[in-house]
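This is the structure I have questions about; it appears just below.
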Amino acid sequence: MATVRLLSDEEAGAEALATFNDIRVKRQTDYVNNFWRALANDPATLKATWERLQVVMAPGTLDPLVKELIYIAVSAANGCDYCVHSHTAAAKAKGMTPAQHGELLAVIAMAAQTNALATALAVPIDDRFKA
Amino acid sequence: MATVRLLSDEEAGAEALATFNDIRVKRQTDYVNNFWRALANDPATLKATWERLQVVMAPGTLDPLVKELIYIAVSAANGCDYCVHSHTAAAKAKGMTPAQHGELLAVIAMAAQTNALATALAVPIDDRFKA
Amino acid sequence: MATVRLLSDEEAGAEALATFNDIRVKRQTDYVNNFWRALANDPATLKATWERLQVVMAPGTLDPLVKELIYIAVSAANGCDYCVHSHTAAAKAKGMTPAQHGELLAVIAMAAQTNALATALAVPIDDRFKA
Amino acid sequence: MATVRLLSDEEAGAEALATFNDIRVKRQTDYVNNFWRALANDPATLKATWERLQVVMAPGTLDPLVKELIYIAVSAANGCDYCVHSHTAAAKAKGMTPAQHGELLAVIAMAAQTNALATALAVPIDDRFKA
Amino acid sequence: MATVRLLSDEEAGAEALATFNDIRVKRQTDYVNNFWRALANDPATLKATWERLQVVMAPGTLDPLVKELIYIAVSAANGCDYCVHSHTAAAKAKGMTPAQHGELLAVIAMAAQTNALATALAVPIDDRFKA
Amino acid sequence: MATVRLLSDEEAGAEALATFNDIRVKRQTDYVNNFWRALANDPATLKATWERLQVVMAPGTLDPLVKELIYIAVSAANGCDYCVHSHTAAAKAKGMTPAQHGELLAVIAMAAQTNALATALAVPIDDRFKA
């Protein structure tokens, strides 16, 4: 259903295959998911995206699970069905419990609702909220 | 600039004023921000929104700061300027450090970017991501 | 603040001015709002947009006020601040009461919230909802 | 395809089942659609969402069909495929005619188009549109 | 899966069929794609949309392929799966190479990412960017 | 109005200042716009964003002006006011004529409108559009 072919290891060129293999090593799995196989049609973007993703999602002052929750929230707001699925799976793999998932969804719904209200009301920003 | 008047305490009716006062008590501040003053034109929605917000944002299996980060993420993705400002201020009040803010923004940007790629590529969902 | 100049009657060419004047006649007002003055930089799009708008917003099986409410709802969901303002003003001019405005906002907020939940949950469509 | 299991009556706990049954009574149908079965993984959000929905969608100064049309408009603008389907079905059940559906779609399309133009032109808001 | 029936030539009325036939002539193909068959439920909107599309997408100061690239970009940002597919197919038919497709996707992703950052940072517009 | 301080050269640390200076050299201007001054609060993201931007926007199989048009289209669809302004200015600097700007806007509006229709109609994807 994609707008490009999902490239198998055999179809991927050397540069894309090297990224596939780096994904395998870093994630400790043989499975390379469809997002990367679609991106492989442009090996430079595949590599840049994968490298940046590792930097951004690495443990820092926010822990990796929190980062996944944020990722799910953005993906839901942007209506990216693929990303909602892949990052919900990733969050579960990093230990997200059903209770945490439920709270995440409640916050996403609350934000969506007040976003809509604030926009439809065109509420002016309070001076004290400005940095 | 709002599409309704922002109601002062004097302009708000008894029901809206009761909610303003509950906000003051729960937040331990005399300040009632513009969002609530705009919503006060519909006292029932004002009350329902404030009550639901307290339930959703209360400490649970996710801590309140994490919930604020998620709220900012959704608000940015939805392009709600007011909400980005008010919840960034709220997150700072709950202890968000500049480093955490920076990591939050990096995740938001990463998600926005891969959301766009996955959508433009129309990547089919991997079977293993389905619940 | 626009990305183009807002053209005064004097700056608009003959074709754009003809559309300005048609707006004046049909709306029975001398005032031509900023949207049209910005669009006037491309007289053909100005004319096509104005003509289509009249067809779409004319009384039909839905009355003009209902159409304005729908317009506000879409504009809020799309985050168009200008359109939220102009169509809220138009709805008020067509008789929207504060109570109707309040109900409109409540529906917009409810929809935004369940949209977010359905997307984050990736709920499959029930067979009975398919036409 | 959902990111959670759709809970059958047997899988739902007592609290979720009580909401399912309330849906059945109020809607006068035995059928509980997938949205509620997905939400049932978090019985408190299920109950809060269902209760708020009834308040918001009840007849008021706007009639229930008009509220469904607004719901469809927001859902389309937010790109929620599930919600577009479920609320189009609901609108048909409440008497939406093909002609009304056509007019609704024409307004949605018109709004989307002028939203895009106003945003790309960054049209400043006319003073007279401010409340 | 549509919210309306996709009308076959036999089901379409005379006005819709005339538009189908005009599509066939102008595109030099017998195939009428699903978008038009869905729109055929409202023959006036079908006709208006088809006629406007031809004007907008005609060669001008931008060539038709560039217009298709822009169309894909908007469709991806708006999360319209159907439109991403149909306009990616159209762009390929107009000569879009895999390298051009890759560059298009990279720009879409870059824009999505900086859009998110600028919104979450609420960056004020530089005076020099104002027209 | 930003959610962070816009850092002057004096406030920026050594790493951020190095990026500011690289921007100055590559763009052959002393002016560093607000986006970069806001991003400077997180020097690593500032650097990564600036470096990626140069790669993506460099001349390739698409020329730089076409890339700017695509950037504007995405920014408008995402409702990013800052980005619409900055990239419209960039496109003008790269030679975008008023006529090209008009055609760009017409395509953006057309796409927004058919995106909304296809989503509200939930049009199923034609088999021939699948890669």
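A, B, C, D, E and F are the chain letters, set down in written order, and residue numbers restart from 1 in every chain.
Methods note: a contact is a pair of C-beta atoms (placed from the backbone, for glycine too) under 8 Å apart; a residue touches a chain by one contact, two chains touch by 3 or more.
Computed from a predicted model, the values in this text were never measured in an experiment.
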Could you tell me which chain lies farthest from chain B when each chain's centre is the average position of its Cα atoms?
E
Of all the other chains, whose mean CA position lies farthest from chain A?
C
Would you kindly tell me how far, in whole Å, the mean C-alpha position of chain F lies from that of chain D?
33
From the mean C-alpha coordinate of chain B to that of chain C, what's the distance rounded to whole Å?
26
Provide the C-alpha centroid distance between chain C and chain E, rounded to the nearest whole angstrom.
21
Would you pick out the residues of chain B that each touch at least 2 other chains?
1-4, 44-45, 49, 52, 74, 76-81, 84-85, 88, 104-106, 108-117, 119-122, 125, 130-131
So, in the complex, the side of chain A touching chain C is made of residues 72, 76-77, 79, 81, 84-85, 104-105, 108-117, 119-122
Contact footprint of chain B on chain D as seen in their complex
1-5, 44, 48, 52, 55, 125, 130-131
Sort out for me which residues of chain E touch chain A in the complex.
79, 84-85, 88, 98, 101-102, 105-106, 109, 116
Over in the complex, which chain B residues touch chain A? Could you list them?
1-4, 6, 31, 33-35, 38-39, 45, 49, 52-53, 56-57, 60-62, 66-67, 69-71, 73-83, 85-89, 97, 99-100, 103-104, 106-126, 128-131
For the complex, give me every residue of chain A touching chain E.
1, 3-4, 41-42, 44-45, 49, 74, 78-80
